[in-house]
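Presented sequentially are two complexes of chain A, the first with chain B as partner and the second with chain C.
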Partner chain A sequence: MSQLIAGYLPLFDLYLLHLGLAFSQYIVLRAGVFSLASAALAGIGAYTAGIFAVKLGAHPLLGLTAGTLTGMLAALFLSIPLARLRGVYQAIATVAFIQIVVSLNIYSEGLTGGAMGLNGIPKSVGTGSLLIAAAAVTYLVWAIERNRLGRAFNAIRQDEAVAASLGISITWHQSLAFAISGALAGLFGGLQAYHSYALDPNQFGFHLLITILSYVILGGRNSVLGPLIGTAILIILPELARPLAANRMVIYGAMLIVVINYLPKGIADTVIQQVRDRRLRLSGGAS
Partner chain B sequence: MFTVENIQVSYSGIRALRGVSIEVADGETVALIGPNGAGKSSLLNTVSGLVRPTAGSVRFQGRDLTGSAPWTVTQAGILQVPEGRHVFSEMSVLENLLIGETAMHGRTPTHGLDDIFALFPILAERREQLAGSLSGGQQQMLAIARGLMGAPRLLLLDEPSLGLAPVIIAQVFSALAELKKQGLTILLVEQNAHLALSASDRTYVIEQGVLVKSGRSADLQNDPDITASYLGQG
Partner chain C sequence: MLAQQLLNGVVVSGVYALFALGFTLVFGIQRILNLAHGAIFMTGAMVAYYTVAGGGPLWLGFILAIVASGLLSVLVELVCFRRLRKTGDEEFGGIISSIGAGLVIMSIAQQVSMTQVLRFPFETFPVVIFKFWGLRVSMLQLFMASAAIILVIILGYFIYRTSFGRRVRAVTNNEHAAMLMGINPNRIYSQTYFLAGALAGAAGVLVGLAFNSINFVMGEPYLMAGFVVIILGGLGSIPGALLASLVFGMGQTLTIAYLPSGLTDTVIFAVLFLLLLFRPHGLMGKEEAGNLRGRR
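Let's turn to the complex of A and B:
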C-alpha cells in the first residue's frame, strides 16, 4: 500500500508545483489582464533560487524569498508597458516576454549555465513543503476572492469604464494582480528548482505557457476551484492514458476544444452556476 | 456648488463641446437635454474624468477637478450612473450593490442596503440573482442603486430612460423624485425632454456642442422653441 502511494508521489508533487503556477495565471486573468507571462516569471524565480543555491550556497529559504521577490519585481516591471495594452495585444506582448527570457537565459551562460541548464542544485524541497506552499496559496487566492479586492478585480474584468466610474483605480489593481502573479510564479519556480536538481531554460517556454493556461481554462476562471480541478485533471489524465503518452499534447488539444465549445466557463464554474441556479429555482427567487 | 466653465472637448480634431458652462447648486436637480450627438454624454464623461477637456474647468465644492482621473472625481463625491446601465452581469444583485461602496472613499454612507431596498423593492426580491438576468428596467434601478451605495454628493445620471417601457420609466423617475426630496444633488442627462423638464428644477439645452438655452424647467415647458423642437407640439 505504502509503495503504491510512493509510486504516485512524484505525480502529486508535480500537481502541487503546477497548481501554484495555475494560480499565478488565474489571478491576472481574474483582474482582466490577458497576460501569459507566468511561465517566464516562474523561470526567473527558478533560476534566481537555483543561482542562490549553486553559486552562493544560500539557505533554501533565502533562495525562495529571492525567487519570489525577483518574480514579483519582473512582473511589476512588465506591468508598466502592459498597462497601455489591452486584450490580445497583452497576450502577444507577454508571449514575446517569454521568448526574451528564454533567450537571455541561453545567452548568459556564465550565470545560468546557458543551454546546458543549471545543474547540481541541492534538493531541499519535498512533498511536505510543497503541500504547505500550495495550501497557503490556495488560501490566499480564496481570501482575495471573498473580500473587496476580489470584487474590484471582478468589476475591472467585466467593465473597465464602469469600474473606473465607481472609483476603482484600474492601474493600481492590475499592478497589484501582476505583483501577486509574479510572486506566486517566482515562489513556485523556486520550489521547482529545489525539488528537481536541475533547470533547463526551455522548461519555462511556450510549452509551459500552454500547459498553465490549459489548467485555468479547463477548470474555470472565476472560482478558486477552477485551477484546483483543472490542474488535477490535466496532470492525472496523461497517466491514465499512458499507452497514449506520446500523444499527450493531442489529448490536451482535443480536451480544450471540447471544453471551450461545450463548457466555455470551465468545469468548476459551470457546476457552480448550475448549483446556484437550482438553489434559486428551489427558493422561488427566479422568475 | 458644482460648476463647469467654458468646457471644450475634441475627439481627434472633431469638436464635441465648444465652450459649455453649467452650474448645479447643492440639493438641486438640473437636467441637460438636447438631440443625439449634442455633446451631453461628452459633458458627463468629462466631469467623470473619462475624457480630458482641451479647455475650461470643472469645479466641485471648492475643488478643481479639471482633467482629474476618475478615481479622484469619485473621491470628491461625484458618481456617474453610466448610459446603458452597465451592471456587472456575472455578479449577483447584492455583489453589484456592495461594489458600489468602493466609491465611498471613507465618506459617511448616505444609503444603506435597507434604504436601497425600500426605494427599489424589486432589488430586495432579486438580491441573489445574477444581474445579467434582470430586465432592462431592473438593471437601470440596480445601476442607480449601485451609485447611491457610494454616498454621492452629486449623482450624474446618463439617459436613465433609455430603452425602457413607459411604465418602468415612471417607476425609475418616481424613485428619482424621492431622492430629490431627500436632498440629493442630481445632474440628469436625458433625450426625453418632457421627462427631464418635469423631473428637474432647471434645464440646460445644448445642440452641437453649444448651450442654446437655459432656465427654470417650469418656464421652459412653456417656451415655444422648446415645445416645437423637443416636446412635439406647435
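Let's turn to the complex of A and C:
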C-alpha cells in the first residue's frame, strides 16, 4: 500500500505545483482581465529563487520570498500598461510578454544559464511544503471569494460600467488581482525551482500557458473549486489511461474545444449552478 | 550588403503577408483571433511534402496544400466557433477553442511525421541563382515573391471587386444588417475561412521550400509574427496587414543581420508590446482598439 502511494507521490507533487499556477491564472480571469501572463510570472519567480539558491547560496525561505516578490512586482509593472487594453488585446500583450521573458532568459546566459538552463539547484521542497503552500493559497483564494474583494471582482468581470458606477475602482482592483496572481505564480515558480533541481527557459513558455489555462477553463472560472477540480482531472486523466499519455495534447485540445462550447462555465461551476437551481426549485415548491 | 538584406526582407515580407492576411480577414469578419492559424499553415507545408514524397510533382503538392488547408480552416470554424457565436462568448471562447484546435492539429501532425524534421528531396525546386547589380537572387526567391504578389492580387480582386467581396465586407461591417439584405452569414464565414486557410497553406509551402525544413511546430513562430503584423496593421484591416508585413519582414531581416543574435525575439515582442500601448489600433486600423474610454 505504501508503495502504491509512493508511486503516485510525484504526480501529487505536480498537482500541487500546478494548482498554485492555476489559481494564479484564475484570479486574473476572475477580475475580468484576460491576461495569460502567469506562465511568464512563474518563470520569473522560479529563476529568481533558483539564482538566489545557486549563485548566492541563500536559504530556501529567502529565495521563495524573493521569487514571490519579484513575481508580484513584475505583475504590478505589467498591470500598468494592461489597464489601457481590453479583451483580445490584453491576451496578445501578455503572450508577447511571455515571449519576451523566454527570449531574455535564453539571451542572458551569465545569469540564467541561457538555453542550457539553470542546473544544480539544491532540492529543499518536498510534498509537505507543497501541501502547506497549496492549502494556504486555496484558503487565500477562498477568503477573497467570500470577501468584499471577490464581489468587486465579480462586478467588474460582468460589467465594468456598472462596477464603476457602484464606486468600484477598476484599475485598482485589476492591479490588485494582478499583484496576487504574480505573487502566486512567483511563489509556485520558486517552489518548482526548489523541487526539481533544474530549470529550463522553455519550460515557462506557451506550453505552460496552455496547460494552466486548460485547468481553469475545464474546472471553472467562478469558484475556488474550479481550479482544484480542473487541475486534478487533467493531471490524473493521462495517468488513468496510459496509452493516452502519448496523446496528452490531443486530449487537452479536444477538451478545450468541447468544454468551451458545451460547458462554457466549466465542470465545477456547472455542477454548483445545478445544485443551486435545484435547491431554489425545491424551496420554491415548498412555499 | 544592405541592398541584399533589403531584397531578402521583401521576400520574407511576402510570406508574412500571405499568413497575416488570412489571420486579419478572419478577425475582421468575426472578431475572433484564430490561434489555430499557425497549425493550418503547417498543414499546408506537410501536405505539399507528402505529395512530393509520394512521387507527385510540386505544382500538384502546392494545389493540394492550398485546398487541404482551406478545408481544414473551414472545419475549424465549424467545430470551434459556430456554436460559440450563438452564445455570444466568442471573444474569450474563440481564443480557447482555437488553441484547442491548434493543439489537436499539431499533435496529429506530430504523430504523422513521427516528430521528425521533413525535408523535400534534393532539387524539388531547381536551384538557380541569378546575379545582377551585385545582388544574388535565387529562382526560389523570385517564385516566392511572385507567388505572394499574385495571391495577394487575387485576394484583393475577390474582396474589392466581386459581389462575393461585397458580401464579405457587408458582413464585416454589420452582420445583422447584412442578414436583412439576404446574405447568409454562415456561408460567408465558411468562404472566408477557406480563403484564409488557403493563403496560410500557400505560405506554408513557400516557407517549407525556402528553409527546406518542415516540422509540426513550424507554425508557432509565424503565429507570433502574425500577431505583430496584424496589430501593427490594425486588427481586421487588409491594406494595413499588407503594409505591416512589409515593415515587419524588413525589420526582422535587418535586426537579424545587424543585432546580436538571440535578441531578435526580444526586440520584436518588445516592439509589439509598446505598439499595443501607444497605438493599439495599428497603422491603419480605425477601431478604438479595446480602449475603455473609446468604447464605453
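We adopt the following convention: the second predicted complex is superposed on the first by the 284 of 287 C-alpha atoms of A that agree within 3 Å, B and C clash if a C-alpha of one lies under 4 Å from a C-alpha of the other, contacts with A are read in each partner's own complex, and residues count from 1 in each chain.
Criterion: a contact is a pair of C-beta atoms (placed from the backbone, for glycine too) under 8 Å apart; a residue touches a chain by one contact, two chains touch by 3 or more.
Here the structure is a predicted model, which means the values were calculated and not measured.
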Touched partner set for A:R84, first chain B, second chain C, both or neither: second
Partner contacting more residues of chain A (chain B vs chain C): C
Touched partner set for A:A254, first chain B, second chain C, both or neither: second
Which superposed partner A:I210 touches (first chain B, second chain C, both, neither): second
Contacts of A:P264 with chain B and chain C, given as first, second, both or neither: second
Contacts of A:A161 with chain B and chain C, given as first, second, both or neither: both
Contacts of A:R151 with chain B and chain C, given as first, second, both or neither: first
Which of chain B and chain C A:Q99 touches, first, second, both or neither: second
Overlap of the chain B and chain C footprints on chain A, listed as residue numbers: 161
Partner chain C, residues of chain A touching it in the complex: 34, 81, 84-93, 95-97, 99-100, 102-104, 106-107, 160-161, 170, 206, 210, 213, 217, 247, 249-250, 252-257, 260-262, 264
Residue numbers on chain B that touch chain A, as the complex places them: 48-50, 69-71, 74-75, 79-80, 82, 86, 88-91, 95, 98-100, 102-105, 125-126, 128-129, 133, 146, 150
Residues on chain A engaged by chain B in the complex (per definition of touch): 148, 151-152, 154-155, 158-159, 161-162, 164-169, 222, 280, 283, 285-286
Touching residues on chain C, where the partner in the complex is chain A: 31, 33, 79-80, 83-84, 87, 89, 91-93, 95-97, 99-104, 106-108, 110-111, 220, 224, 227, 231, 235, 262-263, 265-266, 269-270, 272-273, 276-277, 280, 289-292, 295-296
